[in-house]
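I have a structure here, written as structure tokens, and I will follow up with some questions on it.
Lettered A, B, C and D in written order, each chain numbered from 1.
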Amino acid sequence: MSRTSFFSDMLQTIADRGRRFLSLGPAREGEADAVDTMEGLCETLLSSRGEASGMALAKNILDRWQSFDPQQRRDFVIVLLARFGPDTERLEQAIENYRAEPNPKALLELSVAAEPRRQELIRRLNLAPNGIATLVRMREDLLKFKADNPDLAAVDADFAHLFGSWFNRGFLVLRPINWSTPANILEKIIRYEAVHHIGGWDELRLRLAPEDRRCFAFFHPQLVDDPLIFVEVALTREMPSNIADLLTEDRAPIRAADATSAVFYSISNCQEGLKGISFGNFLIKQVVEDLRREFPRLDTFATLSPVPGFAEWLLRERRAEISDALSAADRSKLAALDDPGWADQPQLLASIKPVMTAAAAWYFLKARNRNGKVVDPVARFHLGNGARLERINFLADRSGRAMRQAHGLMVNYLYKLDDIETNHETFATRGQVVAAPAIRRLVPADKGPRSLVPVPGVLPPDVQSSDAARKKGSKEFTS
Amino acid sequence: MSRTSFFSDMLQTIADRGRRFLSLGPAREGEADAVDTMEGLCETLLSSRGEASGMALAKNILDRWQSFDPQQRRDFVIVLLARFGPDTERLEQAIENYRAEPNPKALLELSVAAEPRRQELIRRLNLAPNGIATLVRMREDLLKFKADNPDLAAVDADFAHLFGSWFNRGFLVLRPINWSTPANILEKIIRYEAVHHIGGWDELRLRLAPEDRRCFAFFHPQLVDDPLIFVEVALTREMPSNIADLLTEDRAPIRAADATSAVFYSISNCQEGLKGISFGNFLIKQVVEDLRREFPRLDTFATLSPVPGFAEWLLRERRAEISDALSAADRSKLAALDDPGWADQPQLLASIKPVMTAAAAWYFLKARNRNGKVVDPVARFHLGNGARLERINFLADRSGRAMRQAHGLMVNYLYKLDDIETNHETFATRGQVVAAPAIRRLVPADKGPRSLVPVPGVLPPDVQSSDAARKKGSKEFTS
Amino acid sequence: MSRTSFFSDMLQTIADRGRRFLSLGPAREGEADAVDTMEGLCETLLSSRGEASGMALAKNILDRWQSFDPQQRRDFVIVLLARFGPDTERLEQAIENYRAEPNPKALLELSVAAEPRRQELIRRLNLAPNGIATLVRMREDLLKFKADNPDLAAVDADFAHLFGSWFNRGFLVLRPINWSTPANILEKIIRYEAVHHIGGWDELRLRLAPEDRRCFAFFHPQLVDDPLIFVEVALTREMPSNIADLLTEDRAPIRAADATSAVFYSISNCQEGLKGISFGNFLIKQVVEDLRREFPRLDTFATLSPVPGFAEWLLRERRAEISDALSAADRSKLAALDDPGWADQPQLLASIKPVMTAAAAWYFLKARNRNGKVVDPVARFHLGNGARLERINFLADRSGRAMRQAHGLMVNYLYKLDDIETNHETFATRGQVVAAPAIRRLVPADKGPRSLVPVPGVLPPDVQSSDAARKKGSKEFTS
Amino acid sequence: MSRTSFFSDMLQTIADRGRRFLSLGPAREGEADAVDTMEGLCETLLSSRGEASGMALAKNILDRWQSFDPQQRRDFVIVLLARFGPDTERLEQAIENYRAEPNPKALLELSVAAEPRRQELIRRLNLAPNGIATLVRMREDLLKFKADNPDLAAVDADFAHLFGSWFNRGFLVLRPINWSTPANILEKIIRYEAVHHIGGWDELRLRLAPEDRRCFAFFHPQLVDDPLIFVEVALTREMPSNIADLLTEDRAPIRAADATSAVFYSISNCQEGLKGISFGNFLIKQVVEDLRREFPRLDTFATLSPVPGFAEWLLRERRAEISDALSAADRSKLAALDDPGWADQPQLLASIKPVMTAAAAWYFLKARNRNGKVVDPVARFHLGNGARLERINFLADRSGRAMRQAHGLMVNYLYKLDDIETNHETFATRGQVVAAPAIRRLVPADKGPRSLVPVPGVLPPDVQSSDAARKKGSKEFTS
């Protein structure tokens, strides 16, 4: 079907359905052709009439979408894929012209023709009041459907493309979160916290109100009550080696002005629908800058971070026929881990600690996943930001989750401002993990990363790699 | 040059120039290779290192650009055209794959490959503090260069594309401008006013402070002190027929609650660099809505607008060998216009008024430019918004500019909420001007628009048409 | 001691103690002469030097006071009484002059001379940053000491006098309290709620977040985080007859726009130190006005209020040898109240309800305390505001406190705007309780208020009466 | 008339005039008994009914007052004096009781009885929306009437007393005034500037917008758009010796961070009705503190101030038969001042400068007015604040007013934080002017202040003195 005929058809369709669209309320329950109607509304929104009545139309479409049941939502996403891609006829004409004469004008027309019509559709949907919040939820859905239907990647790419523009760092606002923050935002902090569970308002108060605690979040001007990402910070006299010291209820706060270290002990993304849009990097650097200005005595900026992939990896190594990471002796000692109560047997700890610590060093420095990446998602995030792996902390978190995921292990990543850029490049372009000497010494020097499958003749795909890290992202890459 | 080799070269270049970039300050005067250096910095910003140091790099690039002289800025734009378009090798591969198997995945890759690298570059430049303000000024420059070099349309398309996303109506904030507005914003109102000159603070006060005057502007959250567009409104008891009644200093304000009409007598775009990004349509409709809520007695929403293209068109008709618009008798009467003092000769006015009014009716209803569009840019704007041409006002503005451009003529456009959509479609899809019966009667009914060159078998290209109107836009389409 | 010699002495004292005062920090623990030092500092603050260093001195004094133990605080209040009253010598001279020639000048001098020096002292203490908050706490203490030492009424009068000026309604700010209010303010709402206990954040959310709930508080510009008084409001379809309907967790909120009644079900004063400074009257009227503007459909403004003095009064009547309020039959039926489980025995309720309701009508309409006032403090507050006693609700609150204080009884007071002034005057000048006919019918008409001891030849002391009501005030007169 | 009978009468009056008061609008023009009606309304406001309807009544009274003509306003002030003083009968009773037994209770009752009823009346008038603004204007009027009728001092004392409480420093808010300040406030800065005339918005911009200029004002929370007092500050590299250097249009601003001096070159009180309520002292000290925090490099805080009393004093000395200040030779040289063009004759300046400078030193250090005070009101203000007279600047301001008032002389006062208190006491208690050595050397050391008439055996009445300085105050004591 040529674009022209398609366009005429579309106009015809609109004429047929007529003004009816605009006077429609939200979809009635059980409306047979609800998704068809939506398609028509979307076409109208893209048409010239959409220019005159864009806000009302956009609102109508989003209201309807919110009343959709899961099957209708899935159908609608398919419509977006099938009917709102690039205008293929125009695209083919543009390709032909470009091949005939590859001048700037032809190239421009090709770029324009290759852009899916979805992008303009999404932009116009954003005209609705509070449109962006609904669009973020729409993508949250989309990501679930995409898991079953890889073709939907094309639809997702358009959302991601626009969200990348709209949630550009230049538009985000950093706001401190504290005990003077409105309750409706604070209850979201409780709900979104993804690293160290907040058990209620009293626990929240302990994380926000004391003088030696800080919290910061990024907000978007159009989502005023809903944080995008937040980080919790402890001001301390030294880099902490376990989480209990930070979170225990009966600790005595220190004077903020006496602190020398700022510890990022929890970073949580808040919006599933913004997966892959990277904020964490900017957040940490901005917070480091702000804290340095407020407290000139601060000289150490570090995390206390979980190691969510460690237990699974370790189990694989323990069961593998051959493991470079673990000797037979190591395996034998680690067998004790199969006893759920191992951590409460002091006599065991002394023998397990050195083995587990060395294994962890190997896990970070040598182990790679099948994409040739560092296995641990949190490590990929912080190392990709230019931090250095600073210390491995044995039995640093005895919570159920930490015991399951990492046998209680935590690590510190160190953000040293002068080294961030070099560290980042070492990691991003050469794939090397920057670690403190004490950690490096735990791993034999002569061997490169083990399971890395080198792709011959190709540089490490640095941009994609960090993209991949990001896409793992969302609630996973938390510190 | 293949993308791979280019990329390697680029990496090499970066390696060569090394860390130097990051420590560079603003360009030194007379720096020989300032534009080359900029190219390198831009490549770095797009590279993986740009992810780690994006904000600093973006700031450095924008600072340097601000210190550029006009020739350097022109050269830089050429670099953007030549070096930051789509990756052509990847594009060709994508075309081939798509032709081989036109599935969603191939289409997606084609869309991605066709996107110029400039877009990501511009997005990353926006990381700099206050980046968007500088980018808007960068496009202001670009538009000047584009006038001489049409190939730059490709670069401009990328700016326009991103600005379209960033300045999406969903992100704009409507704020009233009044005598409690900060002075630094008010001085911009004085400066940007493009329709009826504001002679200073005392004149400004007369437009803002009285109870029967209102002003509204759109702002972007990242440009807090700089309006994008504003409209001045007079609350009156009737639709005014000349500007002096509205602006005279010694008038007695009426009580706002007694007004029945809201008159939009001046709309000015503020940012040259946002040319073609349409706000006016949304602004007027939002203001209508807000005023209706505040003053339920208001029943008439209209403009008092200039007719900037009338005098030029009339002169052409008067000199044309054949004119459908003017009879010989008409021409003879209009000869009096060649006397600069005609407007002060009461005896002349009686004979000129009916002829000029009828000619104006023709000008709006029948005259078309060579693109088949209504000649008058202000008319295109308001009619495109769904307004109706309501009344032609003879000698309604005796200011120098109005006399030169329109022999003092002004018109009212009427915004009737219930008709806006129909009016818009009549105009946009059929090219017909919706006008009050009294105006329509002034023009013989049997003839269609005169200079329209019909493109056989094709509907008037509605989307483009309004795009064209917009692009004329900026300070021209003011009411 | 003459004023002159006193003043010289004082200057001498200051000279002796010298600059030492200003460099003193907060009082050292166990400092023997801490209160003497305070006296010196206060004199200095009143002296000319106080003009130059007022803020620092005031801060020093208030810091010291905060470090005082209870005995020191008590001693300090005695110093305020003994040493910072009016200058008696000057006062006597002024009296003499006034008696000699009672002209305006002499009268002015007498007024000035009669003003205790404490007033200027308190005014100057307010120069300290956050001074007013400390002064309010100082009076909180003072009220406790005054209970044992009636002479301190003179000191209290000065605090009350100044607080009356500073917390004048003209300076208070009404702010809605809702789920977007900062947490540090909300936790005070939980703490200060004095009528229906708030068990934690989840209960608070149920009172603030639903669409049919509102809360408003008065704030002072200098006490931004600390409410002075707040009222909780339920928007309902009818005047409620028991508290459970309002507070139950699983109720379905109604749309606010559908409500016809606004029910003030809890009013709490927050600051003990502001006892006797009346806000509640203004608060209720302001909230009524604001709600009427927001919801024009509201036509009923009423309370659901406790009856805190009822059980005690009833017991006295039941035990009295003679009671006009209760017949022998009544007493016999009410004997069931001595069984703590009476309220759970349905068969009892039918016989108790009419007797208790009639006794309550008598309690409001006829019973008077020994000052001739209505017994119930909440009744005095609302009737004094011009409300009408509208309905008596049997077993309307089964909480422990309500059962103890009022056998579960609650009442509605009705605020009918057109009648407020008349009602107020009827109550204030004639001592008559305005009640709904259904209530009046429960009490024999021929008898006046029973225990009122008429003071012959004197009008009911209206101003004092409401003063007295107020002074009972604070957490007691809550609805 | 006894209080009781008066009170009964009053009640009767109110009963007679009845509800009429409350329904009265603003006074009708030519209303015969407008002032009588006001008296009745004021009595009602003080009565118990005033408690119920205070806000409406207060608004009514203030609206009426605003519609009063000057004669009515004068009559109303007389009513305030005659009818709203202390209740004399109660006062006499209190005096008797106090004389019989001077215990705390009797003293308290005496204090209360001696307070004029006006004070409570003014407090209740403040209930009206925006009441305080009207009350300030009411006192502005009152001050004019008082000039002719000294008895009105009693009424003024009550206003001053309450304003002293309400405008207590603890309630004032310091806000920077700059080019982002709302225009309605900035136009008041133009209007209120009392030292160096601001010729319009362009001149205002030059004082506010440059990086090395600052302006600060005190605001009251209830008068949000109206500053109470403001100070203009120049950040400079040295203490300036003439005003032209600061105000010239074409000067090049310095970087604020490079400044070492902050120069207060203009202080203006804004509200005539707040005469005698002292803000300037606090303003300067607060601004010094704020600037020091923002710019740690600042080490000099000084004024460049006018000398408004100099020319008049000098003329008196020149014409006096005997002058200790001027020798015959001095007088002969100063005769040149009678030629209006003297300042433009370079040859004259050399001879006049030393004589005039020495005379000015005498003027500050020795001359006293008949109250024994320093003659110059600006000097009294700054010296009373603890500043030091630092430098005398010949021909430092050639504006008409400065030439007339001070033959163009200006001075610098230096605010040295460590010395402020000592300086203040030296000046306040010993009447000595603290001046730089270079100035002291210009005056013979052996003589005390010349025209001081010592009051035998009495210390200089320091508090009153600074009161007097203040009362001169308002627009006069500007720097």
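For this structure, a couple of remarks:
What we mean here is this: a residue touches a chain if its C-beta (ideal position, glycine included) is under 8 Å from a C-beta of that chain, and two chains touch if they have at least 3 such contacts.
Computed from a prediction, not measured in an experiment: that's the story for all the values here.
At the interface between chain C and chain D, over half of the residue numbers involved are used by both copies, so each side presents largely the same positions. Remark: chain B and chain D have CA centroids separated by 54 Å (rounded to whole angstrom).
As a whole-number value, the distance joining the C-alpha centres of chain A and chain B reads 38 Å.
Put simply, the C-alpha centre of chain B and that of chain C have 62 angstrom between them. Among all residues of chain D, none touch two or more other chains. Chain contacts here close into one cycle, and each chain has exactly two touching partners. Every pair of chains meeting the touch criterion is listed here: A-B, A-C, B-D, C-D. Within the complex, the chain C residues that touch chain D are 8, 11, 22, 47-49, 51-55, 81, 85-86, 88, 91, 95, 99, 102-105, 107-108, 110-116, 123, 126-128, 131-132, 150-151, 153-154, 157, 162, 164-166, 168-171, 221-222, 281-282, 285, 384-386, 420-421, 424-425, 428-429, 459, 462-463, 466.
Partner chain D is touched in their complex by these residues of chain B: 179-184, 186-187, 200-201, 205, 225.
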